[in-house]
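In the part that follows, the structures are each spelled out as structure tokens.
Okay, so subunit A shows up in both of these, paired with subunit B first and subunit C after.
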Partner chain A sequence: MFRYYLNLGFRSLRRNPVLTILMVITLSVGVAASMSTYTVLHMMSGDPIPHKSDRLFVPQLDTGGMVGYTAGEEPDDQLSYPDTQRLLASGQGIRRTAIYGINDAITPERADMAPLLANGGATTADFFAMFEVPFRYGNPWHADDDARKADVIVLSRATSEKLFGDVDPTGKDLTMGETSYRIVGVLGDWQPLPRYYRIINGNGGAFAGSDEFFIPFSTAVRHEKRNSGNNNCNGDGPEPGYAGWIASDCTWIQFWFEGASVGEQASIKAWLDDYASEQHRLGWLKRPVNTRLRNTMQWLEHLEVVGRDSRIQVWLAFGFLLVCLVNTVGLLLAKFSARAGEVGVRRALGATRSAIFQQYLIEASVIGLVGAALGLALSFAGLWLIGQQSGAMAAVAKMDWAMLLATLLLSLCASVLAGFLPTWRACQVRPALQLKAQ
Partner chain B sequence: MLVMNNLSKIYRTQMIETHALRGFDISVRAGEFVAVTGPSGSGKTTFLNIAGLLEEFSGGEYLLDGVNVHGMNDDQRSRLRNEKIGFIFQGFNLIPDLNVFDNVDVPLRYRGFAAAERRQRIEQALGQVGLASRQQHYPAELSGGQQQRVAIARALAGSPRILLADEPTGNLDSQMARSVLELLEEINSSGTTIVMVTHDPELAARAQRNVHIVDGQVTDVLHEPVLRGGEQIGASIQPNL
Partner chain C sequence: MEIRPIVSALLRNKTGALLIAAQIALTLAIVSNAAYIIRDRVAVSSRPSGIDDESRIFRIAVDSIDKPGDAIALQKQEEQRLAALPGVESLANANQIPLGQSGWNMVLFLDKSQTSSSSSMAFYFTPGPLVKTLGLKVIEGRDFTAADVDIINVRENEHRLGHVAIVSQALAKKLFPDGQSAVGKHVFVGNGADAPEYEIVGVVERLQSPWAQHGEAGELSLITAIRPIQSYVNYVVRTEPGQVERVMRDAEAALTGAGSGRLLIEKNTLPDIRQQRYRTDHAMVWMLVTVTVLLLLVTASGIVGMATLWVNQRRKQIGVRRALGARRADILRYFVTENALISSFGIAAGTLLALALNQLLVSQFELPRLPLPHLLVGMAVLWALGIGAVYGPARRAASVAPATATRSA
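So, the complex of A and B:
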């Protein structure tokens, strides 16, 4: 009977076409509004590395001075260079990495190309394995290169293609600033959303921009590269010069631990507390122990990667969908009421109440199906409009398969939900009254 | 075939209690063609609705083809209605956006017949009413008489034990009415029981027996029982006088 009811549902679209069109439009506009905003939220709040996000931890230490100190306040989001060095050497977790942003001018080997100002990151060899960065050519540098402060570089795919075209440039030399670096690898397509591994950056924020190259952390320090992002210092600030800066308690480095298991979050946190306690005793950390160790999703939440405005927009859009649903209920009531006579006839010919219920609910679903198709098209249009606002919005205003399926399901569920009351009313028709009235 | 004993039907509102049927007794034997007459508001349609299991009754007993329908739930009543009863209405009551074939198909769908059997039954029923060539037509493309013939085909397709007709010629001109009545007589002659509610004395006179209802009670039986195939039919009518 399902096919029969489905067939009747499609035929019914042609009956009262104005009502049908109104219902489809109402439903699709509501679905499009809610799904386009929800898609943006979904893309913003998605887990960028779902299979290990709960094993990647960001440590925070309270490096502030005692002036203006309030107990328990949120520690700084970045670490100082001395703390970074000690945490890298701590042996905690199975991998540790630190990263800070740098930029410099690249001199292309082609004479006809102007120098490029490139944004990148200074990090350690563990970075690539920890964040499972794909490589198109070559490999990451080795831990030895970190230790030797070697002049090696990994390029992003876009940077490599810009400089060398679609060929493997590994082994070649690249001049950046005053230094010649040997290219050891070229990344594959890698643009995690959000850019969780380095949310605090000076080139695009969480959803736009990308790192165009990576060099070893130790090499960057050897070449006295300043960071291109946020730098917080206490009191009178660092001593003059690069050496004074890196020896200070200024915070400018993002740090990650990778644990072997989820449970390691507790043990690393305990170690971090011990470390902070020791450094407080030694006088390096001025404030009493106040640490945090957040996993990836906790970290993104802490940094409010998804703003409150985005969530409110989604709530408003779903409220609008509710209004559309109420309208659809009214339109369906009108459509089904006009067919009370048909219900009476079908009941007289042997249809049970449940058969009528199924028929009309499937009919409402067919409207939902058509509404879903239009709603999907309108959602794409809505996302395109959202994407026009900024580069960051363009990065997240994209529908993935899950959202596409969710849009179809939402439309279908919405129509079934809207169809319940009208369908129930249709089932209550007293056939005797309708047959006489026909 | 259809037996009602001391049947009553009361419509209640907050203020008024209306006895549509009271002490209603009737017995229709298999193969009979019974005309039910009576003034407006006498209870004819209420009787027909109860007979067709479209309404429940307040008291008494109703046996349809030997089955006591009292206490049946909606599903059971719908199934029994689908299997045993064919309806013919004054207003034809065809579904406007289904063609002739699909209109006749409706009760067969609810019966759960396979596609091949449904097709065979539909073609046979439409052939019987002389509309085999109009299968793809929509009701609006047919005359009133043709629409009523489609309704009759729809009622017949499921091979019901009894046809309940409510003013079947009420919306037709005299020529079409005659043709429809002849069709009903033909159907009856092949063994299907027919109970027809009508205002028209001429039509009633064509039935084998007339039952007159006044104020919700059977008051008169106008025809003598007739014999068909050696069996006396209609002998069990017990009018409440």
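So, the complex of A and C:
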């Protein structure tokens, strides 16, 4: 019976072509608007490292003077150099890393290539293990290289291919700025969404751009590299020179702990509070203890990685879908009520109400099915349009399997939902009255 | 009038009318809020930056591959080279540019003993004619002269950053709200013992910050006259009308040609910089315009569909009425009035819904509150849409022949 009703449903599409087309378009446009905006939101709020995001923690300390101090305000998002050094040496968690952005001019070994400006990160050996960075060639540098402040470099795949072509460049030397670095590794394809490991960056933001190279943190400091991102200084600013800057409480470094378990968030937080109160007592931290220790998703939420506009758009798009649904209910009602006579005859010939109910609900679903196909196509078109805005939007305006399935499901559910009232009304037809009218 | 029979007919068959009313209510709620967001975004993104003609301005930033020997000599040489390019009207080396989205933000004190700052502001510095290059309007005092410029190693001595300042009118008003002139006054950046002191020598009508924040914060700017000793330089260039793209290409060739030892960091025209700054706002506007247009279309089509259905259902009754002497105009009026009643009901509900949705948006997203006149426009638009949509089916109803009444079925 189901297949028969399905067949009838498809046949009936042709019965009122204008009405049917109107319904299918209405439904699919509503679904497409909702799903394309929702896909963007879904991609933006995704977990970049699901299996350990709740074990990666970002510490915050309330650095800064008492001028303009308001109790309870959110502490700085980045750390100062002296705090970073002490936190790296703290032994808390199973891994610790710090990272800051740098840029420098790479002079390619090929004479016909012009020097190019590269954006990268200065970090520690633990970074690669902590964030599970894939390697195409070679390996991360060793912790010894951090200690020796060695001139070693890891390149992104794109940078490596731009400079050397598709070969293994490890072991070669690379001139960057006035220094010659030994290439120890080349990353595989690694483009986490968002770029959670260094959200505060000056080269693309949360969803676009990438780090083209990595060198040891200690090496970057040895070469007196300033950070290329946000630098927040307090009071009168640091003493003159690079030494003055790194000794100051200017904040410019992002820091991560990796805990062995989720539960370590509490113990590391307790340690951080102790650290802050000790440093407050010593006079390094001027402000009273005010720390945070957020895990990955809490950190992304704190930095408002998901744009407010994206959320408004989803709300309004779902409002639009609601209007489309109401509209479809009205149109279905029109379509079904024109067939009251048909229902009357079927009922008089012995069809039960539930049989009628089934038939018309299936017919409504058929419209949903057709609407789903069109809706999916329109969703892709909508995402393509959204992606045209910028590189960042292009990165998040991509449909994954979950969203694809959700689109189909939403379309079907919407049509079934829209079909309920008209179907129920169709079941109310009293056969005797109908037959008499004929 | 015949409102009573229309109402009682509607009450007999509520479902369709309720659906139309619900649709109108939802549409009004969404469209009026969307339109308001659109208007707000358009207003924000069309605020003037203070630059008189943005289409003539570009910036180009360069840096050295190796450390340069004499950074000051290099800067002056590059400035001469740029000034000699055909089509260049004026240029200045400046640390940042309005709408550029990165730059210096500092806090100002009127008195070193203050415990909280008087204002924060965008901190511009230039050794050249930035005011002239951007075409800023000096409304009080004067522009800088060559004698004002301090040569400073920004990295090595961050405590001395010039000694004279030009402020935007918004900053002048914020610092001296009682209407006294800012010119001749002294301000401090920071409040420590070494905090640099500035004498305000001029006020410009408007100069937006690199971030062009919403509200007052985006208008608070200060320019000082220094030439920083550093290899990174950001040149702001004003060209003759219509030449900006060509001059920008020439400038890149002039600065970063072979053997120059200089590397292009970035170059862009001010229209591009503005586009970049307001990209999300423009995207939002387009998305909302699309949703609004689609919504109105969907709602109109819903009304047409429903009205057509009613006309078809009532062909016989219409025939009877016509046979009993009703004119075509009476039939037309019946359907238009019926729709007007439904629309009014939907609009009444929609007004409440619009306010509720706005309340939600205000609380969730800190959006501005919907002003009442704006809502009135939305109501009028939807009412007109309802009448317009029903007009076609009503005309067809009016053309039903009286003879229809005599036929069966």
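Here are a few things to note about the model shown:
Note that in this section the second predicted complex is superposed on the first by the 437 of 438 C-alpha atoms of A that agree within 3 Å, B and C clash if a C-alpha of one lies under 4 Å from a C-alpha of the other, contacts with A are read in each partner's own complex, and residues count from 1 in each chain.
In this section, a contact is a pair of C-beta atoms (placed from the backbone, for glycine too) under 8 Å apart; a residue touches a chain by one contact, two chains touch by 3 or more.
None of the values given here were measured: they were computed from a predicted structure.
With both structures placed on the common chain, the touch criterion links A:Pro431 to subunit B but leaves subunit C unconnected.
In the overlay built on the shared chain, the residue A:Gln279 is in contact with neither subunit B nor subunit C. In the superposed model, A:Ser210 makes contact with neither subunit B nor subunit C. By the touch criterion defined above, A:Ala351 reaches subunit B but does not reach subunit C.
Once the two complexes are laid over each other on the shared chain, residue contacts for A:Leu22 go to subunit C alone; subunit B is not touched. Within the superposed three-chain model, A:Ala105 lies in touch with subunit C and out of touch with subunit B [touch as defined at top]. Subunit A is touched at more residues by one of its partners, and among subunit B and subunit C that partner is C.
Shared-chain residue A:Gly202: touches subunit C; no touch with subunit B.
Using the contact criterion defined above for the overlaid structures, shared-chain residue A:Tyr4 touches subunit B, although it does not reach subunit C.
Once chain A of one complex is fitted onto chain A of the other, the partner contacts of A:Leu421 are limited to subunit C, with no touch recorded for subunit B. Residues 438 of subunit A contact both subunit B in one complex and subunit C in the other.
Partner subunit C is touched in their complex by these residues of subunit A: 19, 22, 26, 29-30, 33, 37, 67-68, 105, 107, 115-117, 177-178, 202, 226, 235-238, 240-242, 307-309, 311-313, 315-317, 319-320, 322-324, 326-327, 329-331, 333-334, 337-338, 386, 389-390, 393, 421, 425, 437-438. Remark: subunit A residues 1, 4, 11-12, 14-15, 341-342, 344-355, 430-432, 435-436, 438 touch subunit B in the complex. Subunit C contributes residues 15-16, 19-20, 22-23, 26-27, 29-30, 33-34, 37, 63, 65-67, 102, 107, 115-117, 155-159, 190-195, 263-265, 279-280, 283-284, 287-288, 291, 294-295, 298-299, 301-302, 305-306, 308-309, 312-313, 357, 361, 364-365, 367, 409 to its touches with subunit A in the complex. The residues of subunit B lying in touch with subunit A in their complex are 45, 49, 52, 54-55, 74-75, 78-79, 81-83, 87, 89, 91, 93-95, 97-98, 106-107, 109-111, 154, 158, 166.
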